[in-house]
Each structure stands twice: as C-alpha cells, then as structure tokens.
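We call the chains A, B, C and D, going by the order they appear; numbering starts again at 1 in every chain.
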Amino acid sequence: MAGASSREGVARFQPRNPAWEQKSREIFERQSFMRMIGARIVALSPGTCDIELPYRDDLCQQNIYLHGGAITSIADTSCGIASSTLLAPEAGILSVEFKYNMMAPAAGERFIARGRVIRPGRTLTIAESAVFAVQNGVETEIGRMLATMMFLEGKGAMQGAAA
Amino acid sequence: MAGASSREGVARFQPRNPAWEQKSREIFERQSFMRMIGARIVALSPGTCDIELPYRDDLCQQNIYLHGGAITSIADTSCGIASSTLLAPEAGILSVEFKYNMMAPAAGERFIARGRVIRPGRTLTIAESAVFAVQNGVETEIGRMLATMMFLEGKGAMQGAAA
Amino acid sequence: MAGASSREGVARFQPRNPAWEQKSREIFERQSFMRMIGARIVALSPGTCDIELPYRDDLCQQNIYLHGGAITSIADTSCGIASSTLLAPEAGILSVEFKYNMMAPAAGERFIARGRVIRPGRTLTIAESAVFAVQNGVETEIGRMLATMMFLEGKGAMQGAAA
Amino acid sequence: MAGASSREGVARFQPRNPAWEQKSREIFERQSFMRMIGARIVALSPGTCDIELPYRDDLCQQNIYLHGGAITSIADTSCGIASSTLLAPEAGILSVEFKYNMMAPAAGERFIARGRVIRPGRTLTIAESAVFAVQNGVETEIGRMLATMMFLEGKGAMQGAAA
C-alpha cells in the first residue's frame, strides 16, 4: 500500500476490508470511555477520523480548561479509528505510543480531533491528529499528536505492544 | 536548583514554597476530570506524586482494558503534580507536551501512575511517570511517560504553552 | 501572532526581525555538525526551512541505510531554523525536545527534511518536519518529527531548556 | 520474557542468543556513522549499553555545545544496542521512533548515553537512555530518551517500521 501524506491535502488510502466503516464504528462504540466523556465521530473516511467532544465542566483541569488527558483521549482515539479503517477484516489494533503537544489552552464550547493516517503499514501505522477548539464558530488549533498504531492479526491480537 | 535523577533512586528536591503540599493537593482537587474518573493521590513528596485509578467499566477501550486516554490522564497528572511541588508560591503550571508508551495491556483492578521530576528548571521541568497495573496484588509496569512541564509566573500564568 | 497550520497548505508568518534570513542562515552556518555531515539549506521562508543531506557511506547504520541519528539531525535542524526565522532580533533559540518516527528505511541518493512552524509563541514554538528520501527523482516520505523549540531573550539566552 | 524496569536498579534480562555480545558489538561496528563521529561502546550487558562520545568541535551547534543531533544519535544507538542484546540469533532490529528531551546544554569533555531496556517484547521493545555530560570528572544528566525498537525475524528483516 502506497503511503500518502495528509500534508499534501489528498490522502488516498484503499481499505482492505469492504466493511471498513462498520468495523471502525463498532470499535469506537465499544469504547465505553468515549461514550462516558461524550465523544462522538463526526467524520470518517479511509485513513481519516474526526472526533468531537463538547465542553463539560467535569472534564477540566485546575483552570477550567479541558484537561489535557481528555483532549489526548480523543486525539489518540482519532488516530486509532483513522488507522482502523485500513485494517484487514480479521485484524485488531492497539496504540503503541503517542506524543502530544499542547499548543494553546483548551478553551472552547467543543473540541475536534482530526486524525489522519500518515503512513500505513503491515504491522505499524503512523498517524497524526490536529486538535481544534471551537469558540463562537471560530476554530483554533490547540494541539498536535504524532502516534504509532499496531495492527494485530488473528486471535492473539490483543496482547499489548510489547507482550 | 541542582537536578537529580529518579533513576538513581534518591531524587532529592527542595521545595520553594513552604506550603507546597497544600498547594499541590489543591491543584489536584480543582481538576474535575480526575474526580470524575475516580483518581486520587496516594503518595506525595517534593518532586514525586503517585496517583491511583481503580478499574471501572466506563473507562475502557474496545477490549475491556482501560482506555489509553484514561491511563495517560493519570500519568500526565502525576507528572504535573510532582512538578507542582517545586513551584514558587505565586506560580502556575501547565503541561507543554508528553510522550506515552503503552507497553502492556491495561488489565488490572487498579492502576498507579508514579510521577517523578527528572530535572527541575526555572521555566521548564522534565518529569517521567511509570504506570503500573495491580492484579491480585502483583504490580506490572504497563507504560512509561516522558513529559515537559512549564512554570508560569504571576497573573498571566495560564495562557498556554505557545501563547 | 496568530498561529497557522502547515496542514492547510498556507502557513503565513510575519517575521519580527527584518534581517530574519541573514540571521537564520548565520545560525545554520555556525553549526559545525551540519557542515561536517554535508547538509545544506535548500529552501528558506518565514516559518519554513528545507535541509538537504546527500547520501554518504560514512553516515550509515548497520544496513547501509542512513543512520537514524543523521536523519534526525537534519530534521531537528530544519525545525530549529524554520523557527529561527520568527525570532526577535536579539533572541536565541534552542531545541527543548522532539519526537521522530522512522516510517521507512532511509534509502536514497539524498534526503530532504522539510521543517514547518505549526504554532509560534513568545517562549515556545511548535514545529514539525517531514523527511523525504529521493531516489531516481522519486520522493518518498520516510519520517516525521514533532518538536518544541524555545526562544531565549537577551544575554542569558543559551543556558539550556531546564537551566 | 518478564519485563524489568531500570528504575528499580536491577534490570535482569536473559539473552536468547548465546553469542549476544558478539552480535551486538558487530551491529555497532557496522554503523559507519558511529565510527565517523568517534563514538564507542564503554559498557555492555544484557539489556544495557553505554556509549561514549568525546567532544569534537565539528559536532557542534551554533553555540559550541554539542549538536542535539549528535547527542540524539548516541542515545538512539544506546537504546538500539541495549535492545539488540535480547535479539534471537537470526533476528534484526530497527528504531521505530524515539523522543528526546534536552534538559541542559551539552557542555563537556565527553558525553555518555546509558541505554536501558525497560520492557522487552517479541516484536516491540521499549528502551530509555539517560545522557550525561562529563566535565572535570563531574557527570551531569543533560537529556533523556524514550524509544521504541522493533525486532525483525528472518531475511526480510530490514524493510522499515511501516513497510
């Protein structure tokens, strides 16, 4: 599968699973943590996933901005679901690692993490997420994630990255 | 202030604020997100903070392991609170960035993130967190974070890392 | 200064130093390590810097691909020089931290690290670099960096990120 | 293989290859970039590797400190060689990604990167490196790396992390 950079604006990936959309949405819906914080998928295509999280005052840090952990959670998930669209039918996925830069305070009515696959692979897939705060209709980029995802074949799929 | 590595086992830091413990606990208690997921401080000393999170089935990813975002949230906070013990009385703190490696599935009855300051500084402080899962009394290290925190002086303290 | 994302394809930054180009080129030319490995700037504009490194057989790892350290060196420098174009006249710059993902083997006749400022700030600036290998005229993205740079005002500028 | 944390001070790993030392030294010696900058292994045991780099004025950034890229190169290699001691006889290794925090200026007569495996795995191994500057016999920690290595079985071993 040829790589494609979201930087060029035209990431084009070919799913290996005809039922990629259903599978990716199921993975998301099984994540009780996403449901609990109020996150939902607002866009999904092969290699991309946007997740939205409305502000809630039980998701904050000490200064009533959204907690970095809540923001990171949707960024990680946006990378994971974006990558999951490229999974083979029987494969699973897990996050190996990520780095997240908080560039501005998470102040807004809602937050959108836009996950994009940078480079798909047989075993490892590299993805990024750009996180935006929306306030009075204006989007500001507040963070950026660079992440490594792992595809796991077959039954023993879910044993952890270094298992 | 001289640096000290937690790798040597004897990190010794001198707080600048006599009321460091009260201040650090207040910062934690103001974080509504920590309260909401059920996290609490179980150890605190100058330059260190351990945060515990019991398993809850609304904090999971698709395989009933704890969601990486929930784990990262306590790891980030353990780095932030560990660093906050070294704040000057009037200063604030925010996370600049972190990287987190998921080394094993987050399977356990509870999880402990042990945050340690590696290198304190006037503006930037480097910290790490080792995250453990506890199952039947056995601790397994499941993840490692390396993080950069920023100290902010005075009133304009909370404007974001790149503001 | 308003942020701008290179993802949108139109990063526009306003330099604070009219002599930004001369200053950025001087910083690069003072880096003996860049000269020694054979790297040079091939493009420079406010907020961007492309650095090229021809293949050389004394820059390799064990499989005659270019060593990750050599590639990381030009990626780090491309982020630093891209950021330096936005420095105030008297300020200095240093790298706080970076993360680099190796996405494909560094096989090619030459390598280009395209550094872009994502979010400039008074103290911290976030930048990324996309690294490409060029072989028979074809560019392949082989790595991605996400980095934090620090601007240092005045004489004490060069004391290290956590000094 | 059970994980072990270097934080506990007693990392104990069992090599899978009786000729681990010879193999790890050969990997290092095949890295022309290490030879070119003047780096050498000063300590090696299962799961650990210390690499020393003497100061040289052609390895510097703009302020006559050692270039972050040179330092990162020995840190990456110390993680890779430490991990390589745990390779199966026929396997290969490559760096997937790393993050490096520069905590203090790289000022000294020589530099030592102490690589340690945190968590070995069948496919991915997590390692860290603590980098020290030595000046007048005094060691100061100047940086910290957290890295992901990949073990590759058989002939196709060297195709890149996302190939």
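To be clear about the criterion, a contact is a pair of C-beta atoms (placed from the backbone, for glycine too) under 8 Å apart; a residue touches a chain by one contact, two chains touch by 3 or more.
Model, not experiment: these values are computed from the prediction.
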| What pair in C-D, B-C or A-D shares over half of its contact pairs, by residue number, with A-B? | C-D
| Pair joined by more contacting C-beta pairs (C-D or B-D) | C-D
| task | Report, in whole Å, the distance between the mean C-alpha point of chain A and the mean C-alpha point of chain D. | result | 30
| When the centre of a chain is set as the mean of its C-alpha atoms, what distance in Å lies between chain B and chain D? | 26
| CA centre of chain C versus CA centre of chain D: separation in Å? | 23
| note | Among chain A residues, those touching two or more other chains are 3, 96-97, 99, 101, 103-104, 119, 121, 126, 148, 161-163
| query | Okay, in this complex, where on chain C does chain B touch? | reply | 3, 96-97, 99, 119-126, 148, 150, 161-163
| Of chain A, residues touching chain C in the complex | 3, 5-7, 9, 99, 101, 103-104, 118-119, 121, 126, 128, 130, 140-141, 144, 146, 148
| field | chain B-facing residues of chain A, complex | value | 27-28, 30-36, 57-63, 65-70, 72-74, 76-77, 92, 94-105, 142, 158-163
